[in-house]
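You will see chain A twice below: alongside chain B first, and alongside chain C after that.
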Partner chain A sequence: MLNHKFGINFVKYAMYLSLILLIAFIALIIGYIVLEGLAQLNLDLLISSNPLIVSTLMLIGIALIVAIPLGIFSAIYMQMYAKQGRIISLIRFSIDSLTGIPSIIYGLFALSFFIYYFGLNRSIFAAGLAMAIVILPVLIKNTEEAIKTIERSQIEASLALGATKYDTVTKVVVPFCLDGIINGVILSIGRIIGETAAIMFVIGTLNGFPTSIFEPSATLATHLYLILQEPTYAQGGIQEAYSLALILLLIVIILNVLVKFVEKYFKKKRGY
Partner chain B sequence: MEDIFTIRDLNLYYGKNHALKNMDIALKKNKVTALIGPSGCGKSTFLRCLNRMNDLIENCTITGQIIYDNDNINVEKYNVIELRKKVGMVFQKPNPFPMSIYENVIYGPKCQGLTDKAILDELVEDSLKKAALWDEVKDRLNTSALSLSGGQQQRLCIARTIAMDPDVILMDEPTSALDPISTKKIEELMETLKNNYTIVIVTHSMQQAARISDYTAFFLMGEIVEYDLTDIIFSNPAQQQTEDYVTGRFG
Partner chain C sequence: MLAKTKKSEKKRLLFESLYRLSVIFSGLILFIIIIFIFASGFPALKEYGFFEMILNKEWSPNATDPQFGLLYMVLATIISTLLSLLIAIPIGVLSAAYLSKMAPKKIKKTIMFFVEILAGIPSVIYGFFILKTLVKIIYDNGKYIEGVSGNSMLAAIAVLALMSLPTIITVSVTSLDAINKSYDEASYALGANTIQTIFKVDLRAARLGIMSAIVLGAGKVIGETMAVMLVSGNAINFPGNLLEPVRTLTSNIATEMAYASGLHQSALYATGIILFILIMILNYILLVVIKRGGTSDA
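Then we have the complex of A and B:
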């Protein structure tokens, strides 16, 4: 009895401890970036990093616009329409494997496929396509998992009411897996914002304020990477890097909050 | 008396498993027919043949004739959407959509392209009244259907089916997930519904079959052992197996 109680307490305290450690680490990271970043952040720097912010947002926009429909449609097709068999299993296995590939491989592919083979300019657009490929497996996986959680009886209820498969998919399946899609989008935004290797070679170099998506540019993350590579980083470059990191962090938070609002809006509109 | 469904030589296979064997049965119009039998005897599978719900199951082959309204529905080219508009279904577990009560009721008609607000409003009120739910929910039609109790949810599912104005309502153990009071309400509801609809109900409860049905079919191992007036099945069945089952000797 005593041992049993000790065991329960041990597990309880172990859980508390891990939670405290987790919070401490997050607070440490965020606090450090915020403090170091704020110390250096001034109006000049904010203005000078404007092009980076804009091109980062453009990149996110392009990648999501390309990947969201593709991801959702593929997931719906694989879960709802395709005959489950060897081919679908193989595709699923490939998608799982794609999520584990180092991003430099995607970079290499994007460079040789979009730039050399198709002759696209190094641009935000090319980088957006590259990122769309990177996040596609994430979106498909999340949507598929969400579709799997829909109770079979919900789908049957819809069909039993004389709804077509199309109606069932648009009115029952998609709204219900909204959570999963949103989750995938949030993960994707994080992935795009932080990505360097997959886009470094296809986005080109910063060329002032991006006036078009077909121009070369740089994102916050790729610029950060470059700063840290330069030999001058010891003389102030590192401080600039912290401010950029702070801006990055803020963008991630703001975008995630925005996405959550979109989710709330859709849910409210559907009345649940 | 008119038959609404005539089933001839129905056989169903899940892969190699012969689940329904040589079934011949005629279901009466505007009556309640109960399908009873032990678990796994094929009664739910049989019920799902009547609105072609087994189409969703891969490797399921069905042979024989299922005549509904003078047409064999067990042919590929039969319009299954039209069939399901006329043959509605209520499931074992209440399964309202996570939408408002109002949206749940109009789901079916809306899928058919009905958009006139006035007609829809009327349809919602009418269907909920027929499902004996209107008084309980009329002030909160726009709240989530999931906020209702289990029994209310099941009546909502019945209202949702009624909104399609079907001829037949198939019920697959509709009260097995409900408490006794909710069960009683649903049973009373069936009593009034049978004036306008044909009801085919699968039930595990023999008392329920005896209370609510006009006809009863006893299923065993994929075969219909006996089909007759409920009174006869429960008082003077022709088959020994039926008597053993209804008197509780097995099952």
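Then we have the complex of A and C:
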């Protein structure tokens, strides 16, 4: 087919058409949310989303406090200490599989594990623990990938100078991997902000301004979902939905820019 | 001096055992999740039987003689996954080929930046977008037909196709970028043009990466919940009409969990188990594909 001019042109135009469709999708979804969001935005709606922003921040805080040390320590052990064998490949398989599990399964698990088995209340805290599990594989993967880019000779030089493995990890490996770790954290924040299915059964419902992490609440995304399910749920109804969507989209864009910025900054710092 | 070394030695031991504990914990999570999901779904599976559940088409959890048949939902999940991939695979792979092999560097960078933003957009927003656009269009044009409310399998397929694109594109671009430059040069030296090189050399050389891109996209589609729930209408129908509402496995869980208890709740966990099994089958297919491709390449 590709030996004739017709076939070549056909394929070429199919390619251009795909690209045009892709660009159209991108422009449509971003344009729609931004334009509609700006049209509906007003000060009252922004003020009414304050409790949601606070509880979303609390959720991010809890999930990161739990998951960052676990993720970084696990990555360090797997890359620097573990002898490659059966057990470590089983552990690696299980962590890799976590990435492919759908959010709703995490949601089911969080309900039976944190609420029914450990008897926690439906709260930001329970949702934070659930999110810590969801982002753990992201953090591990990013840290591991960063450790892999360190040249073997740098680690060996540190060991040859008489540093212990532990000193090498804290003084050579971790500082060198900082950009990978930071980007893992930024990606995780994006995931936490947008997640609904994994926490919808354990976060409870919004009940005024959140004063403690042990209260039920809602995040920007879970609240947006509730409004869309039942437009009379919130005062501003669908208007509020548009401004919440706009806020979420802006956060996603800012986080993506931040990732690029971190990559650039560290590249410059290393001088290549 | 000696005291200080002792102290740092203690610190070293402490942290090294923390590293080990963390990795053990991380490795155990998957098994804890499996145990809890299966234990919670077991009562329903035991009462009704696994095959009875996936072959029965009736789901009426609140009836006096409750039925927990998932057949229509399993079919809706599989069919909407396949159809959405049918749309997303050509668009995704062809765009990836252009971006990796033909696009000027600046254009590639810009588009990939936006593709990454697409990947980060929460699923609720995708659902919102389709709800306010496609669902509305379907409703406006078809409201005189009985059963057409806008919320439909077509809307679900559209939202799923859209959501799988970023995964398919980024993974495909990465694997196309990784092809050894000498392949392309050899192809050009033999007189092939760009299109011939892309389709006869590059896409073949990168086929494992593209296969994984597709399977990863499929995994995302099967497990997607919130976006589908907002646009699919959630009524349990045989998925035979694109304009009629359907319910997928994921939305079955999310819709009913809020008020379910007892055996009904267990049946929702069993729905999760079946979803889990579908995803495991998919991962197994990926593994087989990679193994086969690997040996035939060598």
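Note that the second predicted complex is superposed on the first by the 213 of 272 C-alpha atoms of A that agree within 3 Å, B and C clash if a C-alpha of one lies under 4 Å from a C-alpha of the other, contacts with A are read in each partner's own complex, and residues count from 1 in each chain.
Simple rule for what comes next: a residue touches a chain if its C-beta (ideal position, glycine included) is under 8 Å from a C-beta of that chain, and two chains touch if they have at least 3 such contacts.
Model, not experiment: these values are computed from the prediction.
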Worksheet item: So, A:Ala82: does it touch chain B (first), chain C (second), both, or neither?
Response: second
Worksheet item: So, A:Ala163: does it touch chain B (first), chain C (second), both, or neither?
Response: first
Practice prompt. Using the superposition on chain A described above, determine whether A:Ile105 touches chain B (first), chain C (second), both, or neither.
Written response: second
Worksheet entry | First (chain B), second (chain C), both or neither touched by A:Phe176 | first
Fill in: Of chain B and chain C, the chain that contacts the larger number of chain A residues
C
Item to complete: Would you check which partner chain A:Ala146 touches, where first means chain B only, second means chain C only, and both and neither mean what they say?
Response: neither
Worksheet item: What is the contact status of A:Ile135 with respect to chain B (first) and chain C (second): first, second, both, or neither?
Response: neither
Worksheet entry | Overlap of the chain B and chain C footprints on chain A, listed as residue numbers | 164, 167
Fill in: Complex contacts: residues of chain A adjacent to chain C
2, 8, 11-12, 14-16, 18-19, 21-23, 25-26, 28-30, 32-33, 36, 69-71, 73-74, 76-78, 81-82, 90-91, 94-95, 97-98, 100-109, 111-113, 117, 133, 136, 140, 164, 166-167, 170, 190, 193-197, 200-201, 221, 224-225, 228-229, 241, 245, 248-249, 252-253, 255-256, 260
Worksheet item: Taking the complex as given, what residues does chain B use to touch chain A?
Response: 51, 53, 56, 58, 81-82, 84-85, 88-89, 91-93, 95, 97-100, 102-103, 107-108, 111-112, 142, 144, 146, 157, 160-161, 164
Discussion item. Quick check: in the complex, which residue numbers of chain A touch chain B?
Written reply: 83-84, 151, 153-154, 156-164, 167, 171-172, 176, 270-272
Fill in: Touching residues (chain side chain C, partner chain A) in the complex
12, 15-16, 18-33, 36-37, 39-40, 90-92, 94-95, 97-99, 102, 111, 113-118, 120-129, 131-133, 162, 165, 169, 193, 195-196, 199-200, 216, 219, 222-226, 230, 250, 253-254, 257-258, 268-269, 272, 275-276, 279, 283
